[in-house]
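Just dropping this structure here.
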């Protein structure tokens, strides 16, 4: 996650539309699963990756082809041929460093979104790219690896709970995007909790580690921003029904999703502002402690330096020093020294140094 | 209030439109009150929460159904069924972490606003979510808890003072929003008073506490901004009369409200700029005091260090040190030391250190 | 002026359009003066505030009703009734904390502007609210107190100098706004002079007072910005002739005024940038002086601390210390100490510390 | 140049369109020169400032009336009457503190631009205001003083080099504006050279002077921005051919000029960013040096303070101090002290202090 | 590269459209190469720079005239005459300091782009200007020097791989721009790697060198921004098919390129934000280390200064000092001194200084 960019240099010089997988290989085997349903029927089967042409024709109401693992270029290529996808779309599916976007083609719409997965231990999150092809009565979803996040949607389809079974492929797309966006809330929730912990820590006990933690949070907010900001536009395009693939009835749900994305953006901005303010607090707390230290040093030094001078004075070995022989000189020197110390302390008191 | 986000994770994985209350349970019992009035008549009654269907049909001119307490999901659900509200609207009413927004549906308009309540003791404010359903001749208002803020509007309806009784449900909506916006002025007034107090404190006696107070004010301004900024758009949509629910006559009042919201936004921005400038002042005042302390330390040390060297010099026990036996050496040393001190002091005077 | 907001809380809960004066009572008596003129005639009279209905009908070409003092709510209310002004307009006239704005009503246009008055002694400025009602052939101007700023316009009307007498009420409105905008130039001129003085002071002799002065200037720029920025929009609306009240011929003058407002805005922005840059300079000059002080302390300490160690060394009272009895040891110690001092000084010289 | 504003207060209270010269009187005598040319003919003559009506009628193809010096209000007024210029245009020509702008009137277009003149000695630039009136077949140019910058354009006209003689007054306007914009490149080139010098200086030898130089550059960039930014809009209006005065053929040249202005803006922004970054570098270099100084002080003090304590210890005069009589105590003390010093130094080594 | 501007002052005063080469002479000889191809045929030849008129007429499907080296003004001029290019276009080709732009002329489109070349040794990059003329069935490309970057495109044309041979000149333009944009990814990849290295370095071992490295990165990001930002607009114009030169079929590829440019912009912005955050981290790490140093100094001084005072006290030579003769005074003094040291240390412990 901490890498700003993934290796793209392997592609330089290749003709446009060359299919090369960019990113980690996160899964061993590619799995393709087909969910077909109408309001009354439901079917689920595992597709043999060597017989993709079996997929056609898609007759019943709605089909969801779920592809888990995208590092096998041949499978993606075959799938592209079966469904007539543009080579540039396939290129984008394989390149996992894309920003979220939406592209309308003649018969289908291509959507890229970013899934954030939060790892509690390292208090870090990673980004996965989710691609969707929305056709007239089907969706193809591409995930980088086997993932559990859509399990609730699957369960609802299997059991016919909620609206999913009653509505078209566009509503299914909404459901999948909804899962991704809801997941942002989870990540943000955990981040904001951690930031609040860091804030309390900062107020009670600021330490040099704090600045590194703030830096880490700032980076995370940057990546969050990068993942969410373009999604706003994606939702806007979907809501405006620019293709006939989105039905009127789903548009109201997309608007709701759009609101959620805006809300996430605002929370990200608020957290960034809070982080800035925390940095100010931290820097001023450093200055304050330095001030504290300086004051103590100055007080000790200021009190004892003159006293040390006095005792040095009467440590001189001159033969002719009348004071040395005066009987009451020793207690008098004590009185002088104590007076000096008291005077100094009252001066500091007046300066409000303690 | 200090939490950036409310717990939403409980919702992950549920089908869209699932009704779950997000937020604190702020009230024991849900109370529903119905105000019905025409210019000549006025009726007020408490509705039995188990017989919500009684509410229909709404015949006379204007009806205000005031719902206090939204944690009882069943009541909201029933109300939604009676008035034919979209499940997503009900979901938003129950989720008290929404940003202000307006949504036009076929027969009604849904509006979310944020009510700020200021607690003088803690000098903190809390946010309550107020939702409104504006129908042809009725308004349903949802408050998080029993609240007194609409009492003036109610009194005006009861006694027929002002325009309220003469105008429609849209004017009633305006009156309720006006109460909410007026309340922002109160909160801002108190905040700006406190900020000015902090500013005076900062000039006369800057302390490490100041930075924490500034941080708190900054956060409050962020939340204020978050509550007010989207309201601008809400007012804009209302003013442009995008639905037939808003009458021409009310539009002039909405414009006035729009101006108030802009004015609040500008004051928030001004206060944020002033807080930034205060932070600069504070940081420079720390630097200045550090400078002060350093100067005193340097002066004391610079004067006494050479003197201590001299007295140490004649404290050496060499057998062959001619000065030790010279009769006038002791007073001569005094003269030398006083000259050094005077020289140093005049050097500092020249440097304008005191 | 230094208050960000005026007390508005007195209004909370009142029905919209309730007339309450918000702001200081700046004048004892309200004075209303009527100027009526055509190209050939001119008449000026004081209106009895109890017989406002006398004002109608307004027959001859142009009428200027100048109201000085707005704290007497009854007078404003009567005037509103005579001229058929909307209650919200009257409310805005009485509330002196409004931002500049323009509102078109059926028969008249309502304009709010801010007059800045600069007080040289305190080097502070105060804001007065000027409201204007532009009707078909009349203007009503509302000032917070008796003011001299329009005296030139009046004189030109009285003596028939310039275009004023030849043109309509819209040109008169332009003339009055022109006075207000010209006044901004005066205030800016004085502020920029003071800022340049502060800049010279900052370069020659930076002191802790400087930061407070910079803070004051920043606040003043904020208020200036707040007063001028919305005026841009006001001018834009006037120039676009959105009502029939503004004649084509006056539009060219309004465009000129628009340019002036833009110019003022840019100068305000430039001054804010200069103030930021001055703050940077100040902070770095503090750091530099601290550096200076540290260097002196370090040099003195570094030179004398080893010397003091040496003289302490031979002040020890061990019975068996061979050096104490060597005849040339005392001068040798002097040579050693002087060598150390010279070495140190040349080290500092190399480090460019002096 | 260093003044943010020129004195405008002399104008307060005068009727709009009053002609008063604002700015320095930069020239002794006003000179008016007429260039008339077709593709084949060319004529150049000095105009008697008392017989301006001689200028009309303008028959042959293109005329350029060059006015050098604008402090003589009467001449400008007469010229305005001869060519039927609006009083507000004349007022703007005389007020040399205007921002660049373009105004379309019925028969002519009025353009204001800022000429920057760079003085190498003071490394400062000054601003001159250039005004242009573009008519059907003539241009009137107003310069604040006698200037050489148009000499190349004149030479091209005189000798019939380039397109100028073949094209209309609009192309002449382009040629003059091109000279002004090219001059910005010169000024920017010198400024960027100086900034790069300052940058090298900053890296090799940062001094308190640096911050003042940075402050000066920042101001210059502000003025540059102020002069160039509105020119963008001027070029845009010219390019869009909003008047019939600009021919299609010239539009392509104006687009080129527009590109240049954008390029200048971007370079100004880049330089401002570089200046900010330089300030950061400077501030951190101060902190670093302070750190350096502190470390040296701390090392010296930390090594010698314990040693001085030890030698003081054995300088005490107690009658019963067994160590004083031990024969090997003196060398033992030396060993102890050297060990302490070595230990300290290795500690600092570990801390990477030297 | 480190120069913000190239010398343009040589052009001041010349008539518009004067052809002068601005920039380094990066190549000895100018080489012009012609690639002509249809789907079935392919021809490649070197053109004699003295017989440029041979180039016409261009019959077969697509022609690519590749010009390497632009310092020979005559060749460019001849080429311009042969293809009927506007003098301003030729001027822009020769001026290598242009920002990326697109200009539509009647028969051709002119495009400027910036090629970034990264030099690993100096970890610096240089900018080359690439100009393209897109005609009905030809492209002319102008490079500043002999370059290898298009070799892949050439190979694909020669061998008929990919779509290039099947499509028109517009697709060839896309292929060339694609090479340039892909190259940005390479440069960004290396820069982001280096920035991450610097970040690790900053966290583990911050040094004064760091700030200079950050400054260098910031400058590079500024130049990157300057090269890429205007390209966004170029792509936008190409995508919107504003001329008939761009075919519908290529538009989808241009959209892909547009996405890449946006992605580069966002990465540049992210890196700039990270650099800012790194600067904050660095500054706070300086402050922290200063704090560290101060604490050690203060602890040593605070412990030993009082002890040194005590030993000085009993080094005084008064004849009447009773303590000096008490037999157990010496060990008692030791006890007192140790107690003071322990007390001090526990005080520091409480303050969490170690």
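All chains are identified by letter, namely A, B, C, D and E, in their written order; residue positions are counted from 1 within each chain.
The working rule: a residue touches a chain if its C-beta (ideal position, glycine included) is under 8 Å from a C-beta of that chain, and two chains touch if they have at least 3 such contacts.
Only a predicted model underlies this, so the values are computations on that prediction, with no experimental measurement involved.
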Which chains sit in contact with both members of the pair chain B and chain D?
C
Going only through chains that touch each other, what is the minimum step count from chain B to chain C?
1
Could you tell me the distance, in whole angstrom, between the mean C-alpha positions of chain C and chain E?
42
Whole-Å gap between the CA centroids of chain A and chain C
42
On a C-alpha centroid basis, what's the spacing between chain C and chain D, in Å?
26
Where in chain D do residues touch two or more of the other chains?
283, 287, 290, 294, 297, 301, 305, 308, 312, 315-317, 321
Residue ranges of chain B touching chain A (in the complex, touch as defined)
2-5, 7-9, 11-17, 86, 88, 92, 97-99, 101, 103, 208, 211-212, 215, 218-219, 222-223, 226, 279, 282-283, 286-287, 289-290, 293-294, 296-297, 300-301, 304-305, 307-308, 311-312, 314-317, 321, 323-330, 333
Chain D residues touching chain E - in the complex, by the definition given at the top:
151-152, 156, 161-164, 174-175, 178-179, 182-183, 185-186, 188-189, 192, 195-196, 203, 252-253, 255-256, 259, 262-263, 266-267, 270-271, 273-274, 277-278, 280-281, 283-285, 287-288, 290-291, 294-295, 297-298, 301-302, 305-306, 308-309, 312-313, 315-321, 353
